[in-house]
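Two complexes are shown next, each including chain A; its partner changes from chain B in the first to chain C in the second.
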Partner chain A sequence: MTQVTFPLPDVIPLIPEMFVAVMAMAILLWDLFLPKERKQWSAYAAMATCAVAAALTLKLASPDSVNAFYGFFILDPFASYAKLLIYAGTFFGIVLSLDYMKDEPNTGEYYSLMLFGTLGMMLMTSAPNFVTLYLGLELMALCTYVLVGYQRDVLRSSEAALKYFILGSLASGFLLYGISFIYGVTGTFDFAKAGIGIAHAGADAHMALMLGMVFLLAGMCFKVSIAPFHMWTPDAYEGAPTPITAFMSIGPKVAGLVIFIRVLADVLPALQVDYTTILTWLAVLTMAVGNLAAIAQRNIKRMLAYSTIGHIGFAMLGLIAANADGYAGVLVYLTVYLFMNMGAFAIIILMRREGIQGELLDDFAGLSRVRPGYALAMGLFLFSLAGIPFLGGFWAKYVVFIAVVEAGHLYLALTALLFSAVGAFYYLRVIKYIYFDEERVAFDFAESRLMQATVAVTAIAVVALGLFPGPMIDICKAAISNII
Partner chain B sequence: MDTMLSTTELLAIPALPLAAALIVGLFGWALKEKVSHIICIAGVVGAALLSVHVFMQVLDGASFYGNFWTWMLSGRFVVPVGMMIDQLTVIMMMTVTIVSACVHIYTIGYMHGDPGYTRFFSYISAFTFSMLVLVMGNSFFTLFFGWEAVGLFSYLLIGFWFKRENANVAAMKAFIVNRVGDFGFAIGILAVWYYFGTVEYKEVFAAVPQFVSQGDSLHFLSWQMDAITFICIALFIGAMGKSAQVPLHVWLPDSMEGPTPISALIHAATMVTAGVFMVARLSPMFEFSETALAMVTVVGAITAWLCATIGLVQNDIKRVIAYSTCSQLGYMFVACGVSAYSVGIFHLMTHAYFKALLFLAAGSVIHAVMADQDIRRMGQLRKYMPATYITMLIGALALSGIPPFAGFWSKDLIIEAAAVRGMGWVSELAYWSVLTGVFMTAFYTFRMFFLTFHNSDRVPEETRAHLHESPKVITVPLMILAIGAAVAGWWGANILNIPGVETANNFFGNSIFVMEAHNPLLRLEEVEHSAGGHFWLEYGALVLALAGMATAWFMYFRETVYPARLAATFSGVHRFLLNKWWFDEMNWKIFIMPARNFGTFLWKKGDLAMIDRGLIHGGIIGGVIAGMNRMRAAQTGMVYHYAFAMVIGVFVLLTYLVLKG
Partner chain C sequence: MLELGFFYMFAGLAVMAALGVVMSRNTVHSVMFLIFCFFNAAGLFFLLDAEFIGILLILIYVGAVMVLFMFVVMMLEVNFAGLREGFLRYLPIGGMIALVLFIEIVAAGSSGIFSPEGMPDPGHAAQHVNNTVEIGKVLYTRYLLGFEVAAIILLVALIGSVVLTLRVRKDAKYQNISRQVNVDPADRLRKVKM
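Moving on to the complex of A and B:
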């Protein structure tokens, strides 16, 4: 009888994941015992979880790639950096929820779901393997489905959640179908081995690989809202509670793009010619959809949904460039986007008129006269989103545009430039409302120190990243060094 | 010799006026007038004191060269920001800060009660900062930065009274004419970078001899010329704009629309001399191009003579002095052109004092006669304003070149240098222009002076009640400048030994480079030591200056019929001069009208018809709206439509890949 050894897996690299998982469960339980007036404590606990997890990730971060769990988990600078962005997204999402969810029942579940979703994203960023990828993706997706539909008594919210769920299932089906083709050809789930297998696959496997690649890409495109797999986004964004919209616009996008980069760089390098063509057309379509449709929107949440789509289209340029600068550019883009988008959402949540959340563009009319500080901050976020120098958003675009030009896609960069000019229109229109229109209904702000701090921090970050982009770009380049 | 100056002290010199300008510019609305002017004056006086201190150290042999930080780095293109402090720099720094300090103080009185009081102070402090950057910098980049910044403040200050249409037009004219010059200037700087791969003075200067011996040449239009000649001429075109040389001189007289302190500071003493400074600073380049030197000389000579003739007949007190400024700048360029750079800078310095003095005194007069600038409505003012009278007399004597006042020392040297340089027709032309110019200078100066302070009393009745001497804040700066105008020439000639031939004992030392074969001072010494009469060479200018004064005295000291009779006899010439050689009309016909017509055509047909109506409204906006509507229509809210879009998407991508094979 052969002796079966079963060594204990190396769990050290997974400490942040394990910590978040334990805390998510603990909060779920703890919340049951909290008296009603202290329900906020579960939110504070969730925030603390993010902070501690960030500290743990920083502590574990090293320039090397560490494999754990027999090749089912990888910890490298890329994953660590992405996790930090994800923590920040979750943290801000919780801050925005504090006031918004005050009157909702079962907030413990809510924060616990956010943490589980975060855990899913963390696993995605550390996936060296289709199995881990799928596991993390589904964990994240299931949590977001529920969170979108959290306000069960609001029709719009339930409808959005159901749509998101159905389409998400379809996308998961695409993804699995694509993975199965690649497994069929290469016989492995491991990214690196699959990549070698594809490179050495014979001509007879070509069609199978094409099928696998298209379905795989389609599944991933859905998660990061790349057209034409984006249609769920505006509905889900509009229907979801606003803090969840903010939450969904950061973490899942970070995790999705990280996975995108890993798959492109590890699994599909042999098919670069084919996927470049596909992604180029998808990028053009995504930028067109995002920037053109945003103009037609009257609802700021829908507008920001299309804005997310547009920004993903710009970030795709970094994927298409497929070089170190391009991938680092994607990280830069996500970093800046985190701050400017969170800031914008914080302002939206702060804006209330007679107790009702301001969601229409005209609700911003006259903001500058009532609250010049908020108006200035919103102005900064919008200018940054539009990519005006010298704010963070400018450098985000700059880095990916330069990368894609250097990769030889000049016309794509020019197209992106045109769309970013079109995009500037709808951002600047909001500024027009804020600064040049008269107030019609009295404002009634949800005053909260934490929210104000969030606005201040994000505004300062947008300006600081705009004035001194160097360190951020260097860090992103260092984070990408193990990938390419 | 190698003692280094303190970096902190050097940085403080431009930093003080800049800080003052920023504080007053940004927070002026919250400050009292008194506080704003105290801040600005403190900044500029501080800079002046530090400049004097640095000057003393340089006199003892200290110097500085270094970069502080890199402003821009792009591949091979490095733009450092640094300073180069030597004799040439310190004399400019001292002149700029002292005149600026006087003007600052004078402004308290002159601009009293103006609604833009604090704004004015912030501008002139910022201007002082820019000018200091221009002279203290160690590269073509800092030169360009200062050059454009002083241009900007000149524009803002000419148009300071922005509600007056004339002021706006004059400001625009100054800016646009300077653009023409700056075009050449920018090309020159780019050419320097192209050929030398650096913009730092030290490196460029060190590379010039080697570069010239390579003999690079280039075709420009149909001319074949040395690269160094091309560079120098391009840079000099910039100097022509900034220093108002014919034909780019037209903006300077119009700039007199600005408040008088500005005319004194910017349009007489400092900014307009930037071109002369630049040529002297770049002497290690200009020395290697005979053609460029000849061009500098000829342009200077023509300007010196032509603007002097215009000055003869002008009736606006400030315009007379303005044309005199153009003319004197011509003298300075002649000095540089004949390789007597040190003399050019010497004249720049003395001119700064006496011309600022003349302008400020004119301002004092204008202030007294209720902002009237026409000398035909003045006369006998000496009775009312003795301090202004005496100081202006000193300024006039200095400008005319009467010993022992400042102008005599420097101007005489220019004429002598031009006389002995020996560049063929070029130096002949220069010599005769500047020599006859002396007569005209003395004449127009004293014509203006007599008509203002002597002659008959032609002041209108309603103004007469207002006549009074100006307050102390105005007269004290006049007196300080009068001291400068009285002694700066003697000081420069005898203490600094500017006419000295040996680099060792000449103040400028190695900060100016002159080829031995070119050096007119060397030749001048030989000529003066040779036997034979050179009375005319030494005293010719003085005789002509006295003659000019005498003529003016004869015609204008009392009211006489001669001016009118002369104007009637030579009515054609008179009208020609009065209309300033019709330069403005020429520019209008040749450049401005065609440019405007062309612009109107592009605007009406190109922009409005083609781009706005055709492209934007028809094409782009139409396309965007159509696209937008299509996108919105696709977003139906039906989940099966969404799923269908996804399936179609996959299907299209697959089809594409399959068909591609």
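Moving on to the complex of A and C:
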């Protein structure tokens, strides 16, 4: 007999993850026993899970980095902050789903899959090595594939899910292939050790490392929809149920950019010259595609998909700056983006009415005359997305622009400024529809207190972050302190 | 020397089988080539003293996964003419990207780090080392987190496939088991006086 000692690993840092996993499974079972008229309770349970997990994460947050599970998990302020953003994204996603998914079958699985996806994102943010990164990524991706295709009787939903799935699998292959080259050179999966190995690698390893880095970057770029790996985004955004579009536009992007930062800061610092060139061109292309293609869109979900691509392009400036200010800027960007994007999607969902999806720009015509409150809120979100001063979106752009200028990329910042001005055009066009056009389709809003509360909270957050950005920026800088 | 010969045999056949997967016109043949490719990969694992993984590859991939693949291929009616449509139109750009990638991969693979001098022969494990035992020692300890997350991924895949395919049709006739069990003979049979 072989004796195997089983030292129980330190599970304390993983309590939020374990809680979310257990709750996701519990909701899956509990939903079976709920009568039809009480199916909403599984949604409430999922919302409560997010809230409790956030409380647990806050309770566990400490200024130090804690390694757990033999170096397969790391808990640092960066991960904690990113997790809070992810919980908020999932929470809002569930709130938006309440009315939208009411008539769909199998809602228990729907909310449970959202929680499993959240678990995948949480693991990604806490990944100190490639194994955890990949497993978290696959867990998140698998959940989003299914959620995108959830309305399987809707053709465009199934089509979007299939496209997303095939391209996503390809991207995972890229990622793994890149990791295999880096593993081949350094012999380790650990980010920090791989970083040291790369720094000490000889000239004969250069070609292999470059190839590994390019594939690794391509795989990660796909997940956060950086051009030219963005092709899936408009289709997936348009085809997915709108609450899932909102959910997908926050959590996965937060998790994706967090692993981007970890990989750039821990694994690839020795190759900074090379990756800066690649990322700079990708950023320019991403900003161009996002902001120019959005102009041609008539469907607002598609427009917001290109808008996401454009915003990721701006957030990439923080990655290119590769200093503490830049990385903190990415977090600031994601924080503000969470509120303004969720708010905009909440309004889009409210626009869904008898017979129409409320996704076309025409459907917004004349909103200000019927519901001035919603019109004002949508105006605030769009102004903020466009980066008009003294709303949250302005500071998001300001922080990353300043960081990238300080890092010595003045021309890149000017290019970004130019695309930001182009981008303002299509946001303002929606405002023109809302405020200056005649009503074309009768408005008939379903009253939902939770939705109204979501719109109000996000609108207040966008304004508050715009007027008092100081505390948020300080928190983000503190969160990043262990990375650099 | 014999080992080297086996290595080249397994590796060469694996590469040829992989080419067969992408080149053959018939999808069933592709699946067959993939099975052959897995067999040769298993052979490579045997040469590395990892007989447990080699056996797993044969049992799970060849025995279970590929059989399922075969079922799926036979159930789906794939329109091969449609698949080839636009092949010529995308050939220049696709071929160019493939060529660049191929050159890069060959350059990276043949660069010094992966040369025989850079990667010395690991040799063979001692007689008493049993790789099943060695995997068992680390799977639930060092790699516990990864193992559990992989389990959750499988659970999600299961839920996802059921959610996307389960269909409760209103017009279909279902059996109500409890009613069937609780049925009373008097409901079914009526004695009539003639």
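Observations
Note that in this section the second predicted complex is superposed on the first by the 475 of 484 C-alpha atoms of A that agree within 3 Å, B and C clash if a C-alpha of one lies under 4 Å from a C-alpha of the other, contacts with A are read in each partner's own complex, and residues count from 1 in each chain.
Heads up, the rule we're going with is that a residue touches a chain if its C-beta (ideal position, glycine included) is under 8 Å from a C-beta of that chain, and two chains touch if they have at least 3 such contacts.
These figures come from a predicted structure and were not determined experimentally.
Of the two partner chains placed by superposition, only chain B is touched by A:Ile295; chain C is not. Of the two partner chains placed by superposition, A:Pro35 touches none, neither chain B nor chain C.
Contacts of A:Met207 after superposition on the shared chain: both chain B and chain C are touched. By the document's definition of touching, of the two partners only chain C reaches A:Asn106; chain B does not. Contacts of A:Gly408 after superposition: neither chain B nor chain C is touched. Residue by residue along chain A, chain B and chain C are tallied for touches, and C comes out ahead.
By the touch criterion stated above, A:Asp274 is placed in contact with chain B alone, chain C being left untouched. Once the two complexes are overlaid on chain A, the chain A residues touched by chain B in the first and by chain C in the second are 207, 210-211, 214.
The touching residues of chain B, counted against chain A in their complex, run 624, 627-629, 631-632, 634-635, 637, 639, 641-643, 645-646, 648-650, 653-654, 656-658, 660. Taken together, the chain A residues at the contact with chain B in this complex read 162-163, 166-167, 170-171, 174, 207, 210-211, 214-215, 217-218, 222, 227-229, 231-232, 234-235, 274, 277-278, 288-289, 292-293, 295-296, 422.
Taken in their complex, chain A has these residues touching chain C: 2, 4, 6-7, 9, 14, 21, 25, 28, 69-70, 72-73, 105-106, 109-110, 112-113, 116, 119, 123, 131-132, 135-136, 138-139, 142-143, 145-146, 149-150, 152, 161, 181, 184-185, 201-208, 210-212, 214. Residues 104-105, 107-109, 111-115, 118, 133, 136-137, 140-146, 149-150, 152-153, 155-157, 159-160, 162-164, 166, 168 of chain C are the ones touching chain A in the complex.
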